[in-house]
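Which chain is which? They are A, B, C and D, in the order written, and residues in each are numbered from 1.
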């Protein structure tokens, strides 16, 4: 699949991640969502872990707002935090309830190792580096889900709502906004030729490592018994 | 004036700040807002500096969301960030425009020393400590404005809208919510007897130091020529 | 084995970690160091990963110095950073060279997932929390190696020098110092009854999670082919 | 005075700070140290405040070690922390004792506003940005004292030992090392042409703001009664 039009940085980093990007966005867990073959036990396990994930993911976007250098950067990050905390997480709770997972059970989910490894990597990248390090580590999740959604949005089966959400207009708009935030933040700090600076290599490394940790997340999600 | 009912922690810390609290909430700048005697040049200077202040203040609340340990803490901090970035700051821009300060001028405001000292203290308290340190440093601003607003809400004169805003129901609700966030965060971590722990002294110190830096902010605001 | 005398906090947290503590300190990798049965390939893999680990571990101790609240806390953390960076890491480079691993190879070691997961958890705990969160996450490594060293210090075989290092007087003194730093930092902030506060549960959770991540580190070290 | 040979970044930033640099390095407090005319009360006040300053300055260098990306960067920052905590601060305690300021008095020094403003700015720059932001904010203090020391090293009078310390070989070597750390860190991340990137402006701003806060520190030091 060619890269969705989420901007220049995404196109460069996605290409730089090579096979890891394919292994992430075409992981067996993802294919199982697309063709409906994913066992429900795996999906329910994923839903529970994703609740824990969303908490730390929202914290990371809040850190991005704290590390912003302009009003526009802050507003973009803040809007994402708000959407995650006040829209996506309540929806997630409802979705889980519809699958028989009560809120108290959801909140008591023990965090799986593959989940913890990913979110702490992202947060630490943000704390130790600057906004660019943080955004490069956040990008694979936001934009990878967008790419997966685009590819799977018209599938049928039990997971069609999931696919439709990420392939839908609202989420795709978010992806374009985040892509624009990335490109703007890079150019504002490093200029139009940022991709030829040494810094580009460490940002690529952030993106690629986060992509590998996404693969680990799918692995964890697919095998509820292993964690 | 007796303490507004913003909760237990506020009552304790406000009392602990002693004369500093009075010097902050009854500063000549504040009295000038109340009786209309504040020179317009000081008010305009304050508006411009407050724009810069709000950016860093919103960053500090975003950091609070990043440092939250429960969904409810995160939701409370995130709602505050959202209100600041997507409601209060746009309103501030409109207010400034109504006073003849264009957005480009506003954004080019050089940060005064007394402004910088305060916001960096708050942010550093948050980064170096935990959520409690950050909230103790944020509290004097949020809740002090609430107390000032309560006292001045029915005054007339050129600054009546300012006074009505902070004395109004929306802002007072925010103060009660922040007070509840403080009390909940303290009890959740340190138990109901938190105020007799050694930690209570360092939190009091955060609150008192931030209160003194608020005094410095009013001093700066009142004397546009000195900065 | 009974708990080594590294202080009160360690005794409480070690007991609280239960079977996880045993699984960490008596892991097959450790037993293989003790009886000499560990394959050399595993040991060399461990040495390379440990170099990467030490870099992030030293960064975490540097963060502890940044988050210290007294001169004594800062001096203790700073002394540990200095020992790690200017003594232990150069020694590690020499040890690796003696095993045929050149410095350039060492520095090019790709960080294994189980390594990354551990160090980023510790660093993020420190950034998001305060010094206590950071120390609770650092403790299993420092003090667990001390306990392992005490148990294995008189063994023979190819890994006797490793065992002697961690069982030796210098390292044991460090463990007592770190134990005293822990107890002092806890009492200074939370008082002598800290272990009955709600905060004690989150600190225990930090310690136990870090202990589990140590088990993951040994798993990674033992199976060079799996990473 | 021409710029001391502390490297390229220093030369650029020093020139960029313009009159602020002169106002800092030739402040009346500094001239008073050089010609011996500084009242002893001011000097003693400075010594006490400098103790508080050194604590936060050492914390900032520890944060630099935590944010380092290579072993060499970490070793340079760690060596500075060690020198500050285990050499300079104990010496400072001795110097103060020789002037009749006991350790308990020294440790009880209330932090002056101009002191707090400076150190928190530096620390917050480091937490919110990356290593470059932190180093740009640290540079005026380290290298400015070096330049002052060079200029005043051969003066007589009561403050000759102070001047000789900062003009002496040990401190000048430190300045060259820090200058090399700066140049290396910049080139490693941003390439040899870093000074023409947009990022160069925000780094200059960090340096200039820190320089202004140094002026505020001297002001505070010179007027013990005003704080």
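Everything below uses one rule, namely that a contact is a pair of C-beta atoms (placed from the backbone, for glycine too) under 8 Å apart; a residue touches a chain by one contact, two chains touch by 3 or more.
Only a predicted model underlies this, so the values are computations on that prediction, with no experimental measurement involved.
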Chains touching both subunit A and subunit C, listed by label: B, D
Type of subunit C:subunit D copy interface by residue overlap (half), same or different: same
Inter-centroid spacing, subunit D versus subunit B (mean Cα positions, whole Å): 31
For subunit A paired with subunit B, centre-to-centre distance based on mean C-alpha positions, whole Å: 34
Distance between chain centroids, defined by C-alpha means - subunit A, subunit D (Å): 42
Multi-chain contact sites of subunit A, meaning residues that touch two or more partners: 59, 66-67, 123, 127-128
Interfacial residue positions of subunit D with respect to subunit C in the complex: 55, 58-60, 62-63, 65-68, 71, 74-75, 77-79, 81-82, 85-86, 89, 107, 123
In the complex with subunit C, residue positions of subunit B that touch it: 66-67, 69, 127-130, 133, 187-191, 197-199, 202
Contact footprint of subunit B on subunit D as seen in their complex: 59, 113, 116-117, 120-121, 123-124, 127-128, 209, 212-213, 216
